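Both of the next two complexes hold subunit A, though its partner changes from subunit B to subunit C.
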Partner chain A sequence: MNTIFALANVVIKELCRRKDFYVLFVLTAVLTLLLGSVSFFQDIKVVRYVKEIALLLIWISALVIAIATTARQLPAEREHRTIFPLLAKPVTRGQVILGKFVGCWLACGLALVVFYLFFGVVSGSREHSWPVLNWLQAFWLQWSMLGIVVALVLLGSIVFAAPSSNATICFILVLGILLLGRHLNQVALQQPEPLRSVVYGLYFFIPHLEWYDVRDLIIYDHQLIGWGDCALASLYAGVYAALLLFGAWLLFRRKPLHL
Partner chain B sequence: MKRLVPYLILGLLAVGCFSLATVLQARAYGWSRRAQADNILKVLLGDGRRLFANHFFIQADVSFHSGYYPSIFDQARAAQGSRHLTAEEGDPAHEEHEKSMDFLGPPRDWIERFGRHFMVTDHTHLHGDTESEILPWLKISAELDPQKVETYTVAAYWLRKLNKASEAEEFLREGLRNNPNSHEILFELGRLCAEYHHDPARARKMWELGLRKWADQEAAGQKPELFHLDQLAVHLARLEEQEGNLARAIELLQLAIKATPHPEALQRQIEELEQRRAAHSPGASPPAH
Partner chain C sequence: MEPIIETRNLRVEFRAQNSGSEKKVAVKDLNLRICGGEVFGFLGPNGAGKTTTMNVLLGFVNATRGSACLFGVDVREPIARQRIGYLPELTYYYKFLTAEELLRFYARIFGLPRAVADQRIEQLLKLVELDTARRRLIKTYSKGMQQRVGLAQALINNPDLLILDEPTSGLDPLGRMKVREIIQRLKNEGKTVFFSSHELGEVETVCDRVAIINQGELKVEGRVADLVREHQANLERIFLNIIGYQPESDA
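And now, the complex of A and B:
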């Protein structure tokens, strides 16, 4: 376990050193504050558009951080040949995979904490209400979703040769699921057999990342989600992340490391 | 001296640039239409901004429904158009909208059933303090596409509801400058004059002009909506009735009958007005006591 956390620590330090997070955070903050300062018809009570834009930027930034950070982990280790002394420590390949996953996931969590703190301050100060539990649920669900994304990108970094191709394919996949995942069953029902079964099968097979996007519930001040439902969604994310990590380990354990 | 030459050339070029800029800047406005662009969005996005304008108008509708909105996959079963955005409770448009917004239906499988715990599933509309939340999206939409008339009329409706009549008028006038032939905007301006400024003369001018614009569009084969003719004619008829011009009121209601989906009610009003006109005419006998 110590080995895994030592590896994770390196990843977190790398996120702190690199400029990605700072750039994205400043961009999110500037855009949100700029739009928040605009007065529409001299109405100071209007706040939902600020929340909408802030959360959209947070989602985009979090996905960029998760995918970009994870996609370069294993290829960078191989390129710089630091993977050899690492494996000679001795650290098993499974521990490398797990360490990288934990590191990337925790790094995403840290970034999300900063983003949500900013969101909370902006939203609370304009709306004069502090639904902290709703924000916590939104944060936790988004972080759980990022767990699946990190595991997927880690698997991709073993399958695909370059980090850029892996990042692009994962981006398309994740965005595709977020936009279409909920409706694939409707699409399937409109198809003739055997395409219908194939699309419906795909609908059951893909991780339903769109569940974790509860921005609308936050923006429009809806009720809390049931804690049982949150727990089930977390379990679902955990199972999918484990499945993808296991797949990554299966491929990585026999993969030649020299370039 | 040799060392000074490059700096002198640099200075000369700078002076040349400055002089040319002062001469050309005034002329540059006339060179292209882009130079006359009134905002940065127009310069950056060109005509593509109209696509974004539509997106922001839909976003206003999403905001109006607090996030409960059909996706492109549900839209065949859901509400179309924007009339529900300005429909009062009890209106036929409101009733129709209530029915059509039941687009979710029962869940088809466990994934859909579970997924509904994480999305908005109740059909509600903005009310009270939250009604102004629709306005930013409409303002952005109007900035991106000043020719989208419904943006101005919907925003004016909500601004009127929020007792912001002066803001509504300012926004409508901006809309009218961008769409000088819009009978919809003239109708809304007339309503503001009649209901908030209590100025029937100005309201009449607006609505009369609106009727003319509607007729012009019809004559030009643009097929303007009959609903708008109905609105204009009925409101103008009520105004004429209040002013005592019963003959003109009857004439306008007869015009509205051609446009309304419910002519029976208007027919009854016409008969009522005709009775009143007959009672007020010089030859009529005084009512029996």
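And now, the complex of A and C:
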């Protein structure tokens, strides 16, 4: 575990020392604050729009941070050859993958904490209500979803040599799942066999990232989802992330270290 | 005496790029046996198979056939690397870290307790004369300084075996002398050093034994003094004869 956390620590340090991360981070924080500070004649609908835009911004920024950060981890290790002195220590390739995963996932979590803090302060001060548990649940579910995304991008970074192509493909894939994933079963019903089975298979095969999107519950001040459901969703994310990481390890353990 | 490094009939084959299924043999049935406390020079021209052999010993590349062990443990086991230090030819380190952070990171990987790590980092930064630059990012260091950070990271776990891949390449004379002094010091402490180099004069000065490899094949192995006596020539001459180089003046 020490090795995994040491590697994770390096990932977070690298991220903290990168300028592009700060630009995105500060931009999202400033936009969230600006959106919250604008007065719209106290119209409740407009406040909801503002919340919706702020949450959308948080979702997009978190995805960009997760994908962009993770996509370059392993290729950068191989390109800069930092993987050599690292693997010359008693470190396995599996630990490298796990360390990178934990580092990227924790970095996403840190960014999300700050984003949700901004959102909470802004939203709470406008509406004079503080549904902290709802925000916590939304944060936790989004972070769980990012766990799957980080694992997926890590797997992609072993398959695709260039971080940019991996990031683009993963971004399209994740957006596709978020926007269309829930409709795949309905699409399947309208298809003839054998396409129907294929689309159904795809529906059950893909990780349903859209389940973790509870923005509407926050925007329209709905009740929390059950904590049992929340735990199941976390378990689902954990299983998917573990499967993707296992796949990444299978590919990486035999991969030549030179690019 | 149990060998620190042992290879038996080690063979490494690669599928050559741009040549379909043709295989290139990088190392041919290499047998090496290096005991504790030795400084062993591993020599050969570029492309001879030195780095490939080192890569097998470090677990970066799997052997096609044969075996390689460090401290009696198969090199494929990560635990085999617990007691070694490795200095790559070029400075492959996280340049967004400071020297102190990099050493702390490696100390953590070796599971050194914090107090021990602090003490060790302090000693090493003094040894490589980087204690005043310890909080600067490595990317701001000169090449010589980066090489010294490399040496410090290779020594963080107080290794019993040091594997150095051309440790003095690109260093100025002072830097080379410093590295030689450190190797000598490690030898006096009873450590085993396995290093490749093109600086034959340096090898002759520092090494107890050498091996010369050419086109993946071990050509000569033995004590430096014995080889010089046997071949009636200095190490450079022996090396050039083995790789088949005929100086123009001799032709």
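In this section, the second predicted complex is superposed on the first by the 240 of 259 C-alpha atoms of A that agree within 3 Å, B and C clash if a C-alpha of one lies under 4 Å from a C-alpha of the other, contacts with A are read in each partner's own complex, and residues count from 1 in each chain.
Simple rule for what comes next: contacts are C-beta pairs under 8 Å (C-beta built on N, C-alpha and C of every residue); 3 or more make two chains touch, one makes a residue touch a chain.
As the structure is a computational prediction, the values presented were derived from the model and not from experiment.
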Clash-or-fit label for the pair subunit B, subunit C on subunit A: fit
First (subunit B), second (subunit C), both or neither touched by A:79: neither
When both partners are placed on the shared chain, which of subunit B and subunit C touches more of subunit A: B
Which of subunit B and subunit C A:141 touches, first, second, both or neither: first
Superposition-derived angle with apex at the Cα centre of subunit A and sides reaching subunit B and subunit C, degrees in steps of 10: 150
Subunit B versus subunit C as contact partner of A:14, first or second or both or neither: second
Subunit B versus subunit C as contact partner of A:3, first or second or both or neither: second
Touching partner for A:225 - first (subunit B), second (subunit C), both, neither: first
Superposed arrangement (fit on chain A Cα atoms) - minimum subunit B/subunit C Cα distance in Å: 40
Residue ranges of subunit A touching subunit C (in the complex, touch as defined): 2-3, 5-6, 9-10, 13-14, 17-18, 80-92, 256-257
Sites on subunit A touched by subunit B in the complex: 38, 40-43, 45-49, 52, 141, 182-183, 185-187, 189, 203-204, 208, 210-214, 216-217, 219-220, 222, 225-226, 229, 232-233
Subunit B to subunit A touching residues, read off their complex: 59, 63, 66-67, 71, 73, 108-109, 111-112, 114-115, 117-120, 129-130, 132-133, 135-137, 139, 159, 162, 164, 167, 171
Sites on subunit C touched by subunit A in the complex: 58-61, 78-82, 84, 86, 88, 90, 92-97, 101, 105-106, 108-111, 150, 153, 157, 163
